[in-house]
Structures are given as C-alpha cells and as structure tokens.
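Got a structure for you, written out below as structure tokens; questions coming shortly.
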Amino acid sequence: MNSELRRLLERLSEGNVSVDEALDALGNTYTDLGYAKVDDRRSQRTGFPEAIFCPGKTPEQVANIGVTLRDAGEVVIATRADQEHAAALLAAVPEARHIENARLLIAGRAPDLEGLVAVVTGGTSDIAVATEAAEVAAALGAEVERYWDVGVAGIHRLLANRERLERADVIVAVAGMEGALPGVVAGLTDAPVLALPTSVGYGASLGGIAPLLTMLNSCAPGVAVVNIDNGFGAGYLAALLLRGRQRRQ
Amino acid sequence: MNSELRRLLERLSEGNVSVDEALDALGNTYTDLGYAKVDDRRSQRTGFPEAIFCPGKTPEQVANIGVTLRDAGEVVIATRADQEHAAALLAAVPEARHIENARLLIAGRAPDLEGLVAVVTGGTSDIAVATEAAEVAAALGAEVERYWDVGVAGIHRLLANRERLERADVIVAVAGMEGALPGVVAGLTDAPVLALPTSVGYGASLGGIAPLLTMLNSCAPGVAVVNIDNGFGAGYLAALLLRGRQRRQ
Amino acid sequence: MNSELRRLLERLSEGNVSVDEALDALGNTYTDLGYAKVDDRRSQRTGFPEAIFCPGKTPEQVANIGVTLRDAGEVVIATRADQEHAAALLAAVPEARHIENARLLIAGRAPDLEGLVAVVTGGTSDIAVATEAAEVAAALGAEVERYWDVGVAGIHRLLANRERLERADVIVAVAGMEGALPGVVAGLTDAPVLALPTSVGYGASLGGIAPLLTMLNSCAPGVAVVNIDNGFGAGYLAALLLRGRQRRQ
Amino acid sequence: MNSELRRLLERLSEGNVSVDEALDALGNTYTDLGYAKVDDRRSQRTGFPEAIFCPGKTPEQVANIGVTLRDAGEVVIATRADQEHAAALLAAVPEARHIENARLLIAGRAPDLEGLVAVVTGGTSDIAVATEAAEVAAALGAEVERYWDVGVAGIHRLLANRERLERADVIVAVAGMEGALPGVVAGLTDAPVLALPTSVGYGASLGGIAPLLTMLNSCAPGVAVVNIDNGFGAGYLAALLLRGRQRRQ
Amino acid sequence: MNSELRRLLERLSEGNVSVDEALDALGNTYTDLGYAKVDDRRSQRTGFPEAIFCPGKTPEQVANIGVTLRDAGEVVIATRADQEHAAALLAAVPEARHIENARLLIAGRAPDLEGLVAVVTGGTSDIAVATEAAEVAAALGAEVERYWDVGVAGIHRLLANRERLERADVIVAVAGMEGALPGVVAGLTDAPVLALPTSVGYGASLGGIAPLLTMLNSCAPGVAVVNIDNGFGAGYLAALLLRGRQRRQ
Amino acid sequence: MNSELRRLLERLSEGNVSVDEALDALGNTYTDLGYAKVDDRRSQRTGFPEAIFCPGKTPEQVANIGVTLRDAGEVVIATRADQEHAAALLAAVPEARHIENARLLIAGRAPDLEGLVAVVTGGTSDIAVATEAAEVAAALGAEVERYWDVGVAGIHRLLANRERLERADVIVAVAGMEGALPGVVAGLTDAPVLALPTSVGYGASLGGIAPLLTMLNSCAPGVAVVNIDNGFGAGYLAALLLRGRQRRQ
Amino acid sequence: MNSELRRLLERLSEGNVSVDEALDALGNTYTDLGYAKVDDRRSQRTGFPEAIFCPGKTPEQVANIGVTLRDAGEVVIATRADQEHAAALLAAVPEARHIENARLLIAGRAPDLEGLVAVVTGGTSDIAVATEAAEVAAALGAEVERYWDVGVAGIHRLLANRERLERADVIVAVAGMEGALPGVVAGLTDAPVLALPTSVGYGASLGGIAPLLTMLNSCAPGVAVVNIDNGFGAGYLAALLLRGRQRRQ
Amino acid sequence: MNSELRRLLERLSEGNVSVDEALDALGNTYTDLGYAKVDDRRSQRTGFPEAIFCPGKTPEQVANIGVTLRDAGEVVIATRADQEHAAALLAAVPEARHIENARLLIAGRAPDLEGLVAVVTGGTSDIAVATEAAEVAAALGAEVERYWDVGVAGIHRLLANRERLERADVIVAVAGMEGALPGVVAGLTDAPVLALPTSVGYGASLGGIAPLLTMLNSCAPGVAVVNIDNGFGAGYLAALLLRGRQRRQ
C-alpha cells in the first residue's frame, strides 16, 4: 500500500489527482453507516473481507452492514447470530445460507484456493464450533475435509485417520475439556496446526480456559491458538495460510 | 475401630480397664513433641505412616520427628527437604537415604506389596517429581517400573511401551506443560491412572495450573489427580491401591 | 494389545490374514456414525465402556450412539442429559433407566465386581452428584453403599458411621462449599479416597473451585481428585479400582 | 466521640476554648513525622494501638514510629520486620522483645483482659504465623493457650484436646494447605472461631488462596476469616473480642 | 463434652448404663432422615441451631428438616429459599416468617442476649443481604439496629451516625462494589467488625470478589470477613459473640 | 468545607447558631429515606450529583430517590435500569428521558461546560456502553461528539478521524475484545484518554477482564481506566475534567 | 496532523517538496537506533516526551536512548532503573537526578504548568511509588504537594488535611492493601482523582490486584485508575490534565 | 506413514521382513538414553527436529541429548539454557552458537526455505524473546527480517515500516504490556500473524497474561497465538508455514 502511496503522491505531484481526491484516497476507504464504519475494501488490504460479529448489534444494523458488504462485492459472513439477526439478514441478503448449529450466515464465496484444510474435533459436542471454522474456510475458497470425534480418549480413532490427515496443508484441531488433541496431532504430522479450544465441558474446564491453556502449553511445536469457540478466526486463518501459499507463485 | 470401641467399652464395663485407661485409649494415640503431635500409629489406622513435610519446620524439628517415627517402627519419609533439613535428619537417622533430585529422605521399607506400579513421565524435566512418586511407592512396599520421557509430543514413544505399561496395576502419569499424558494413557490401558501435574513449563503453564486443569478435564475416565508436584501423594496412593488389593485376599 | 499386534503380524506373515484385513484390524476398532466415532470395543481395551456426554449433542445423536453401544453389548451410560436427550434415548433404548436428579440414563449392567464402594456426601445438597457416582459404579458391577449428609460441620455424624465406612474398599467422598470431607475421611480409614468436589455453594466457592482446591491440598495422603460435579468419573474409577483388584486373581 | 464533639462545641459556645483550639481538637489527633502520621491516640479511639507494618519502610522510619508510639504510652508492635528493621527498632526501643520466627517485635503490654484465647494450628509449619497471633493477643492483655499440630489429617489429635479447647472464649484456628481446621473446630465448640489461613503449602495452595477459600466457605457457622498469614490481625481481633466482653461489665 | 464422656464412662463402669446405651450415646446425636442427618442437638453443642441451606434440596426435604428441627425445639432458619422451598416449609411449619427480599424463613426465637448488634450497609442495594444478617442475629436473641446506605462515597453519612454506632457491641458492615466500609468503620470505633461482602456491582467486582479482597486486606485491624452474600454467617457470628460475652458471667 | 467549618465555629462562638444547629450542620447533609440516605447536596460538595444505581433496588426505591434528587434541584441520573425501574421513575419524574439501549434515565441538565468530549468506540457492539458515557457527560454540561466503530482492526478508520479527535479536550475510548483502542488513541493525540472497557466479546475476553487488563497495561501514557461497562463513570469523569478546567478561570 | 497532511499535500501539489521528501515527512518522525526507534518528537505530538522503561534493556541501550532524547530537547525520564541502568545513564547524561527509592532518573524539566497536583498516600510504605508520580508530574511542569500516610484506617488524618486537598486541581491517590483511599477522597472533593494502586501488602492483596479492583469498583465517581505501581503513568496523566487546562486559554 | 505401514505389511506378507523387524519398525523410532527418549527422526515425521527444553534437566542430560541429535543429523536447538547448560552443550557440541540474551544454543542449519519471515517487536525490552523466534526460524531455513520497537504507543513507527512488512510471508509480532501490536499488524497486512506475548511489564500485566489475552481477543482475524515468551514456538511455526508453502510445489 505504501507503493500505492508513492503512486498516489506521484500522481498528485503530476497534477493527475487533486488534493481533495488524494485526501479522500488516503482516508476514506470505508462506508460510514453512522453506527458502523464498514471496512468494505478489507479484502483488498488484508486478503479477506470483514465479518459481522452480531452480539450487541441490532438486527437492522446486522442487515445493513451485510447489504453494504454484499454490494461492495465482499463475501458476507455473520457470526454468533441469534434468530432475530438471522431473520433480518436473510430478508436483506436472501442469497445467504444459515448454518444454524454454528449460528453462522454466509453469502458468496471467494475464489478457489489451492490446498486442503482438515478440521478435526475431539468429540461430537465440538462440532458446532468446528463447523463454523470449516464453513468460513470454505467460503473463503478453501477445500475442507472434516473429521469429527477423533479425540485422545480413544487415540486409535485419530491414528486410523492419520494418513488422510497428512494430506492436509493446514489442520484446525478443535477440542474442549482437556484440549489435548492439537498437541497430539502436531506430533504426528508436518502440517501447521491451528488449535481451537471450545467451551465444551464443565467445572474445572472454566468455560474453555482449561483447553486454551493446554493448547498454549503444547509440548509439540507447530501449534498456534485462537480464542475459545472462535471458529471464525480459525477458519479465516486457515484460508489465509492457503492463500499465502499461492500469493507469489 | 468402633468394634475396638465396643471391645474397649466391654472391658471397661467388665472392670478390666479403668476409666482413665479408657480415656487414654480413646484419646492419646500420638506422641506430643510440643511443636508436633506425631501420629506415630498412623500406619495402624490408615495403612501407611505419616510423612514429614519439611518446609516451615526447623532442621531440629524434622530430625526429632524423624527419630520419633523411626523409634515407633514407622517408615520415615521426609519431603521437600532442603540441605539443612537433610543434614539434620541424616545425622539423627543415619540409615536414611537422601534422594537429592527429589528432595526426599527415606528410612526403612514397608512389607512387600503384590502388584506393579508404573511411573511414566512426559519429559525428562519431570523426572524429579516422578522420582519422588516412585521412591515413595517403593518404600511403602510396591514394585515400581519407571518410563521416562514418553510424552504426547512424540506419541510413538508411548505406544512403543504400551505392552509393558499394560502389565501395571496402577499407573502414575507425570507431566507438566500441557499435561495431556494421563488422559492418553487412560485411553490406552485398563489400569487406573493417577495424574500428577508438575510445575515444569513457563508462561501460561501458571506454575502447573495448566496441566492440573488438563488432567481434571480428562475425556478418558479412569483418571484421578493429585496436587501439582505432589510426588509423595501419588506414590502413597499408588501403594495404597496395591495394598487394598491384598487386604482381604 | 501389542501381543495382539504380534499375533496379528504373525498371522499375516503366515498368510492367514490379508494385508487389508490386517490394516482393518489395526485401524478400524470403532463404528463411524459421521458425527461420532463410537468406541464400541472400549470395554475390551480399557475395561469399561465409553459413556455419552450429552451437552452439545442433539437428541438424535445421543439416541443413535446409545443404540450403537447397546448393540455392541456395552453398558449404555448417558450423562448430563436434559429432558430431550432423555426422551430420545428412552425411545431408542427403552430398557434404559432415567435417574432424573442425576441427569443420568443407564442401560445394562456389567458383571459383578468383588468389593464395596462407599459414597459419602457432606450435605444433602450434594446428593445429585453423589447419585451419579453411585449409579455409575453400580452399573459397572460394584456393590455400593451410600452415606448422605455426614459433613465436617457436625463431625460426630461421620464418626458415628466410621466402622461401616471402614468396610469399604474405595470411598467416594463428595462435598461442596469448603470440601473438607475427603481429607478428614482419608485421615480416619485405610481405604483410598476419591474426592469429588461439587458446585454446591455460593460466593467464594467459585462454582466448585474452592472445594476442588481444598481436596487437592489435602494434608492426609491417600486422596485423589476428579473434576467438579464429575460423578461419572468418580463412579467409573471406583469400579475400575475394584476391577483391578480381581483382574489377575 | 460525637459526645466529645458536643462537649467541645459546648465549651466553644461557652467561650472555654478558642476557635483555633477547637479546630485543632477536631483535626490534629496524630503526630506528623512527615513520612508518617502516627495515630498515637488510636487506643483511645478504637481500644488498641496502631501497629507498624515494616515492609516498604526504612529501618529509621520503623524506629522513629516505634519511639513515637512508645512515648505516647502505646504498646509498640512491629510486624514483618526484617533484620535491619529489627536492629533499628531494638536500638531505639531497647525494651522491645524480638520474636524472630514470627518476624515480630513487641514493647509493652496492655492491661489484663478477662477470658482465654486458644491458638491452634493444623501443622508444625504453621507455628510462625500462629505465634504472631498468640504474641499479639498476649501483648494486648489476653491469656493465651497454644495447641500446635492438631490438624484434620489425624483428627484424633484435635478430639483429644477438645475439652481444653472448650474452655476458650475465642479460638484462633491456623492452617495452610487445605485449611479445613477452622470449620471442624467450629463444629465442635461454641466459641467463635477466627480462621487464619497460612501460605504453607505448594502448587494448588496458590500461596494460601486455597485455605482462604476453604475457610470462607466453611459449612459450620461461627467462623470469620482474616488475610493469609495475618497473625497480627487475628491476635488483635481475638483480644478485641475479650475486651468487648468486659467493656460494660 | 469430654467431661460428659468421663461421666458416661464412669456410669458405664458403675453399671448404670449398658454398653449399647453407651455406644448409642457416643454416636447417635442426630436424627437420620436418609437424605439428611439432622444435627438437632447442635445448639447444645455449639450454642446455636443448624440452619437449612435450601439450594440443591427438594422442597420436601427442606420441609421435613424444618419439622425435625422445630420438633426438637430448635429455632428453624432456612436460607436462600426459592418460592417452592418457602411454600413447602410454610405449609409444614406454619409459624415460620418469610422475609422475602432476604430469601429467608425463620420460626422461633432464641432467648434474649445482652448487647447490641449494629448492621450497616454501604448502599441501598446491599439491604437484602444485610437483612439476612439482621434477622438471623435477632432470631438468635440479639438486639439489632440497622443503618442503611452509609457508604464511603459520602462519608459524612457514616460520620453522622458514628455516635450511635459506637454503642454497638458488634458491627456487621455490609458492602459490595469496592467494599471499603468495614475498614473505615473499624478505624472509627472500638467494636469488632464483621465484614460482609456482597455481590452488588458489575464488571471488575467479579461477583463480590473485589469487596471480599478489600475487606481481607483492611489496613484497620479488628475486622474479620465472611463469605460473599453470607448474611446468615455474619448474623450467626454476631449473635455468638454476644452469647460468649455472657456465657460465664 | 473546612473553611465553612471555621465559619460555622466562629458563628457558634459568637452565639449566632446553637450547639444543636451546629451539630446538625456538621452531620445532616443528606435526606434520610430509611433505605437510602440521599446525598442530595453532593453537587455542592463534589461538583456533580449522586446517581442512582438501580440493580438491587426496588422500583419504588428508585422512584423515590429520583424524586428526592429532583426536588433538591439535582440532575437525576439512573443507571442500569430494567423496565420496572424505568416505568416507576418515569411515572414519578415524568420529565426524565429513557435512553433504552444504555438502560439509562436522565432528568435535567447541568450548566454548560466549556470544552469538548469525544467518545469513540472500537466497534458497533460497544455503542450501548459508549452512549451511557456520552449521555452522562452531556447531562452534566459537556459538549459531546461521538465516533463509533473506529477500532484498531482497521486502523485507517481511526486515522481518518484523527484531526477531528484532536479538537477534543478529553477522549473517552470505549472497546471490548482486545481493548487496544485507548492506547492507540493516546499515542496519537495530546488529550487525556479515559479508557472504558466493555464486556463485548467471548471466551478469553472473560467478561471484559481482557480489555481491562489491556488498558491498564497501555504502553502509551496519558490513559486512565474505569470499570468494565462503566459508561456512567467515564462520562462523569470526562465532565469533571472539563469542569475543573474552568473552576478557577 | 491531518491539517499538516493537507498542507504537505498542497506543498507537494505545488512542487515545493519532492515525493521523497513527502514520503519522508509522512513516515520518519523517529530516530532509529536499531534496537529502539526513539520517539523523539513525541512531545510535539502528544504533549509530553517518551519515557525509558528500563527492565529488559541493557544499560547501554538506556544510556543511548537517554542521550538521544536529551539531544532532541526532550525531558529524559527513566523508570524502574536498577543500579546498572542508573550508572550508565548518569555517565551519559550527567545532569540527570537519581531518585533512588523510586528507581527513577530525570533530566530536564518541562515549562511550568498552571494548577496544583496533590499526591496522597494511604501509608508510609506507599511513598516510593507516590514519589515516582510526584517527581514525574513535577518534571513535566506541575506544582506538586505531597501528603503521606493519610489512609482510611485513621480517617481523621485525611479529614484534617481536607481543606488543603481541596485546593488541588488533580489528586493522585496512592494506596496498597485495601486501596480504599481514592474512593473516599473522591467523595470528599470536587477534583478528579487518579487512583494508583501499589503492591504493598501480602496474601490476598495478590501483588496489588486487590487495591486495583477496589479502585475500579469505587462507588464514588470521579475516579480513574492506572496500573499497579505505575507512578510514572499517574504523574504523567496528572500533568497532562493541567496542561489541557491551559492548552487553549 | 500409513502408506509406509501398508508397504511394511506387504513386505512382511511377502516375507521380506521378519516379524521382529516389523515390530521394531513400528515401534522404535527413537534413541533411548534412559532419562530421555530422543525423537531423533522427528524431522522425517513432522518436518523439523525436536528441541531441548533445558529447565529441569542436568547439564549432562542437555549435552548428551544434543550429541544424540547432532549425530542423527538433526539441527540442535536448546532453549532457556542457563550458564551450566550452555557450557556443557558447547563442550559436547562445539559447533553450537550461544545467543546469550535469548538463552539459546543452535548447531546446524536446515535447508533454505523460500519466503520471508518478519519479526517485529513492540518495544526494545521484547528483543530477547523476539531474538529466540528469529534465530530459530533462521536455523530452520527461513530468511528473517527484524523490526524492533515499532509498538502502538507511537504507531507512526509501525506505519513507516508497513511497506517492508508487506513483503513478509509470515509476521511474528512480539509484545508485552498491553500486547496490541499483533492485532494492529493483522489489520494492516495480508500476511498471517503469529502473536507472541512476552512477560515484559509489571502489575496488571500478570507475567504476560494481559498481552496473551489481548492477542487471543484480537478483533482483526488472521492472528494466532503461542505461549508467553515462547520465541521457539513462534519461530518454529513461522518456518513450518514457509515449508508447507513449498512442500508440494
């Protein structure tokens, strides 16, 4: 973008843009809805679009931000949507899909990326969060494979899927309770592992703090961690890793 | 003991003991050193002797409690001893062995127990704590096997020792950092697993809280947990489980 | 299992099984329902069956996993079931019993185990969690005795039941609030004590963290701890301890 | 004091004190050393003197505050003194006693109070903190009895001293690790129990947080808690309770 | 009680009681309802009756325990009762009063105690918890005065009531949010202060942990702390302090 | 006020007020409603009125306190009002405005202050809390500008508004999740920054603890922090800073 | 700066600066030492200079950054300096003063500000942190008054200084342990209060977390909080508030 | 590896390997030193070698593990080495380099990887941790650029380096205190950001927990987090991401 800056300044210096246009170009790369400044050229800057985090927003706000993004040609992704958010967005952006167990709405799909993302869960109860990761990665262009319920309590289930997992370029490992899955996976394969802790559990799981800590303390290197239940973040980063792979090819 | 109580009361009722003797029998089953009330008949009551927790005690106190226990015929176990504690106890109870990396002193050995305790560690850095567990279990009569550095970062090291581990009657699984070892072990074998978290790690290991939480949240049942770095407790309980096994045979 | 592995390899080497059969035998010891990989030979490997942790699963998933386990001849245990989970499972596995205060469903019973498990609670409010422990231990074959409301606030209630408690081979001690019961019990008897903290309490009990810490810091050795409100885990381990006792007799 | 205020205003209204004297009387009831405003009439206001908390103060500051209090006729109590603090205070107030294991210095003694304070500890390692409580209560006029090492791991040691404990008017129960002693004591006797948690322990004792939580969650009513290792506070309050007892007799 | 023990043993020795009667006397000082072992002679042992902690108990259990206590001549106190608990208890013990804002039911009143308890709150929102303390102290025989909304944000409101507060023998200081009231009160008066933190607040009040910590760290000695929102405990201990005052007069 | 005190004492000394009047003047600067001691001359003492914190108060209490403040000529501000609180207050003080998304009611407005307060939010979901801050500052007399959704995830949105922000005399920076906005703002401008963390977020945001910690650890000086979601406190302090500015001009 | 930006762009458009000069002006407002990018025009941008946080820096780095700032005409402030840091900086910037108890070095003084900062401490042990605040505020141009040891344990000491405190434009209130001082001060005066928690205390003070929470939960509005022991931040902000006051007069 | 498994089984089936050889191949892919099971073929399995975590290991253990890895042809990386560890390893593996400020030793270098890793720090004090990351990534084959001291307190320093940062394929963003750098960087660029929190800070930074939480809650997606001060993990993962990029090209 600084090279864009140089070009902009050169054009200004050459009289091809006015000072006001230059100021505009430097400052106004968003659409201002008052309650939101929609970063609707984000995919140009950082590779992927902004998402709509629904909690604390009114259904109308969610719908309007969705329309703004859609009209700007961005993929629309709304996370943690309740029924009111979903209804309003579906009314405004009818092409959106509603993945209910993941509280997710998606409209559009980014161009295909090369490479494979594997999403694996420790248990069946982690599927909702893992689905958010898988759907987001797919919407951003990735090919995604899903392996549910291969946690360490019966490690043969993981070992039985090892060869297939090894084909993945990025593995998103999703687990609640003790959260040991990502570390074990990272010790078995040479793909980078995105560790996604979930709030599945009770008592000393502390709402997901326990698996989060487990993953941060992984003995096996090659693991990095996102926030508890942050399927969006894991899916986004998985796609970004694939995208980086082909950026300069 | 209540049946002892009945017998005591019957003997009192029959005039075979005096009221003072009965009061004494009901109350005075320890040796009072002033600063310590040494529970020197503990192995009669709970199966195994009291141990000496050294921190906060003077070397003289440690030595005197050691002598009292030794003279009562108990195994002497002193934990978390610093150099002064160790010197004083060795002077007073010269038959004691000093296992320095575990900050442990032991004199005597309880009768042999049937069965096998396996002590496994996630890493080399956990050996000090694991040694405390292994030595205590051995001093209380158990046969003990040690498997160091079989953590989940390279799970083939654990799987390679699986058959031998399966011979154990109790497994003490020792791990710091992410603490995933006990859960994985419990999913592989039918022996009860005593999970022993260590303070090995840094940052988000929070001095051992992270592996402690991991172990408490183990997806695999068959796991119970002791305090961070509590090798004594794990070794004691492992021996107690063997002892229970033969109590009524 | 490694000896099984040797036998398998020998049979392969001798041409008695094909490579595909061998691969199958090494990898596919579960039933794959897509959303769940049911560990339906777990009791062969670890002694006892897998349980169904209901939260985060749909009623249909719970029912189908239950059927899969039942059909494989396993005891079916579903924990933390809400009303929908329970209805679906009862429809699919009508022989199941629903222990409502413990949110537990059980179908089948493992062969009898030798030995006695005592489950004791500090208060009346701990009964739900304690019942989960007692019912699970019983379903896995144990003889179970229950002692409710013998907490340390009126320690004579515990002392009055001491003789009967001493007949137990394993004691599950259940307490919320201050959680002192397991430590006191462990100081009175020679049975191993499984400490089960509950979330009964308020304020500084921190949802059960306070009794959990109390139990982990028990001065009396012979205590190991499971997760807060984890009646299933305590009952499972209690039965496993009895089972170990007779494994090689 | 408000009745003093009335009297002061009456005397002002009658011309017996000047406005400046009245302002002075309302405001200046301390000695200002610059770095400290010594509350040297505190025992008139709240019954007992101010103590000197040494950490963060220079030895000279400690010594000068000590002299100021002594000269005002107050009992001098300096807590958590290191060797430099102690040396400076002993040089300035040579009549002070230095109780080294409790890091405490005391000069003077308040008038005798009626009633008995019992200080009990769970273990030998708690003696330093308990000594601070006992010495402070004694310096403030209380009769004090000490019972060391009667913790719940061997509860017969406590029961054996029960009758003597019942003579106490206030019991200070001191414990680290699991901290169960105060609750058990409160269930056995009708005296109020001041619970004093210590930092004795390791791992999940969290520097005394574990016994603190235990004590706050005591099932037995009749317990109130002071800060971790706050022997001064417990001893002060114990004496204050005796003092209240005789305030209006 | 040990002197009772001596008398019991003497009577046994003299043949005045049988062994079975002696065993009974030593062990059975409670009424066993199965789900509860009602400590119905607690006021003989510790001065005051057991209370019924309602959460986790069924309405029937609460009602039956209430009847048992009432029939034993104890004051009946049920805390944290929801509407079902209250209805069941009122049906079974119709003489009970229901203090709804404090979720408290009380039947009966202990004999009058000498002395005065002052209950003060920092704010209006703390009144529910403070009322629990005041009502419990009154039911146990204390004279109680209430001072609502005298917190430190407008300290003149406290100073204006100082003279009246100084007449109290025990002060229960109730505060949420920052929880500074007890420390300020303790610096103004010579009565012991029972600090009662409430969960009033939000954000960094952490459900009452913030005022709890404030009170534990009070610079002014003469303060001891009970659990968050534990009005029962504060009122009970306040009455116990008055009772102690007259125990031996 | 002490100069008022001097004047009062002089008038007493001169016989112009009685002792009772003086006592009254010294103590009774509030209106006592029983359940509340309304600090209705607070704006004289500290510059601004007391607010009504609604949680834990009955609607009637809120309404009556509101009437008392209104009748005393104070601005009425009620925070965290639920629908019942709002209805009761609106009935009693019909001139109040109800800002529903901020759960805030306000009646009256303080005299205009010189200077400008800018309230900025990291995201759209922070608007409710930010609105509380903005409305309170405005009610206390400040001119307020609002900049919503300028968080650091798209920092160009903040930079684009930088020049306008620089006109502010105080900036209230509101953010949840990572809470980085206040530190970035403080590094860009020379206005003091009041950092207001919100509970917007999930998982490791810990109900707002994460942004609170971020703000406390700000590398950029010039930042001070208020409680999580404490829009009232931030708005109040922002107005107070403007007011101080003109106090002595 | 954006108006500077407009001017820059206009000059570029007019050919008065080259593209490279414009790029330089937009980007390079710091001195790059490799290991540090010294923000040596910070006082132009944010009103006051950058400070040197010493921990983790080598003495040479501290000295070189100090020289860079001094040579740029900035006030040099180095915080948390150990003896090596101090020696190196004093050698390189000999005009610096070393305030040892505050681990602070200062060279230079900003122009005088109008208005008065009062720094008050709860106790003598808080003086080191308070001195850091006072010295920094003074170095940045403020007039500063210091009031040590006026904490709430003897609130008359605070009330006696009330009139003088009321002359202050900003009050920095410094306290450890319970941390109640800022809230009480804010209830007494109309100046904004910067609350500065210290790590003075032990046990449940949790290294200053307790007073930090107290201050964040202050019932009295008009308080904002800085990090534990952050005397620099409090002093800086206090001076910034005075500076704002006169910015546009 | 499962395809290797198939090949192994086929060779066994064809009689080309013996059963013992097959067992060996399945199990023994490490070198057993007793105290360590060196995973010396890890780079074949997961792409990169095992590292030596020094704390808790004796110098001899560190040296011997180093020799074993070196002799197996692996890159040797020893982290958190103290002086004794370093001396022993340098004696045994003299070709190792000792990067003292990062407590790191490295011998050997993996083949060059395509792509660029940028390591950026918020401040000068974060350099030690960042150097660990940079050196590890370089040793594993990456080209690495370092940008020190570009934190958000003076965000122009970051913006000035933006164009160069945009050339990176992976960015490791290192920050202590508030930890806002990774989120801001992720909002500016399209490279994946590995967030590395450091323990630089004091008070409410809680030893690095504050920046860790900040990074986990990053509003900008494209960020994943490693443990506090885990430079090794960040550098390893950065190299792994580059390696993945070229794995299948």
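As written, the chains take the letters A, B, C, D, E, F, G and H, and residue 1 is the first residue of each chain.
Heads up, the rule we're going with is that a residue touches a chain if its C-beta (ideal position, glycine included) is under 8 Å from a C-beta of that chain, and two chains touch if they have at least 3 such contacts.
All values derive from a computational prediction rather than experimental measurement.
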item	value
Equivalent of C-D within the choices F-G, A-B or B-C, defined by over half of its residue contact pairs recurring	A-B
Computed distance of Cα centres, subunit H from subunit G, in Å	37
Whole-Å gap separating subunit A and subunit E, where each centre is the average of the chain's CA atoms	53
Separation of mean Cα positions, subunit E and subunit D [Å, integer]	24
Whole-Å gap between the CA centroids of subunit A and subunit G	40
Shared-contact residues (touching 2 or more other chains) in subunit D	2, 26, 123, 153-154, 186-188, 203-205, 209, 212, 216-218, 220, 227-228
Complete list of chain pairs which touch one another	A-B, A-C, A-F, A-G, A-H, B-C, B-D, B-E, B-H, C-D, C-E, C-H, D-E, D-F, D-G, E-F, E-G, F-G, F-H, G-H
Subunit B residues touching subunit A - in the complex, by the definition given at the top	122-123, 151-155, 177-180, 183-184, 186-188, 201, 203-206, 209-211, 213-220
Residue ranges of subunit A in contact with subunit H within the complex	1-3, 5, 45-48, 51, 162-163, 166, 169-170, 186-192, 194, 212, 216-218, 220-228, 232-234, 236-237, 240-241, 243-245, 247, 249
Contact set on subunit C toward subunit H in their complex	2, 5-6, 9-10, 12-13, 15, 18-19, 22-23, 26-27
Sites on subunit E touched by subunit C in the complex	26-30, 34-37, 39, 42, 50, 53, 55-57, 61, 65, 80, 197, 199, 207-209, 212, 227-230
Residues of subunit G touching subunit D in the complex	123-128, 148-150, 153-154, 156-157, 159-160, 200, 202-205
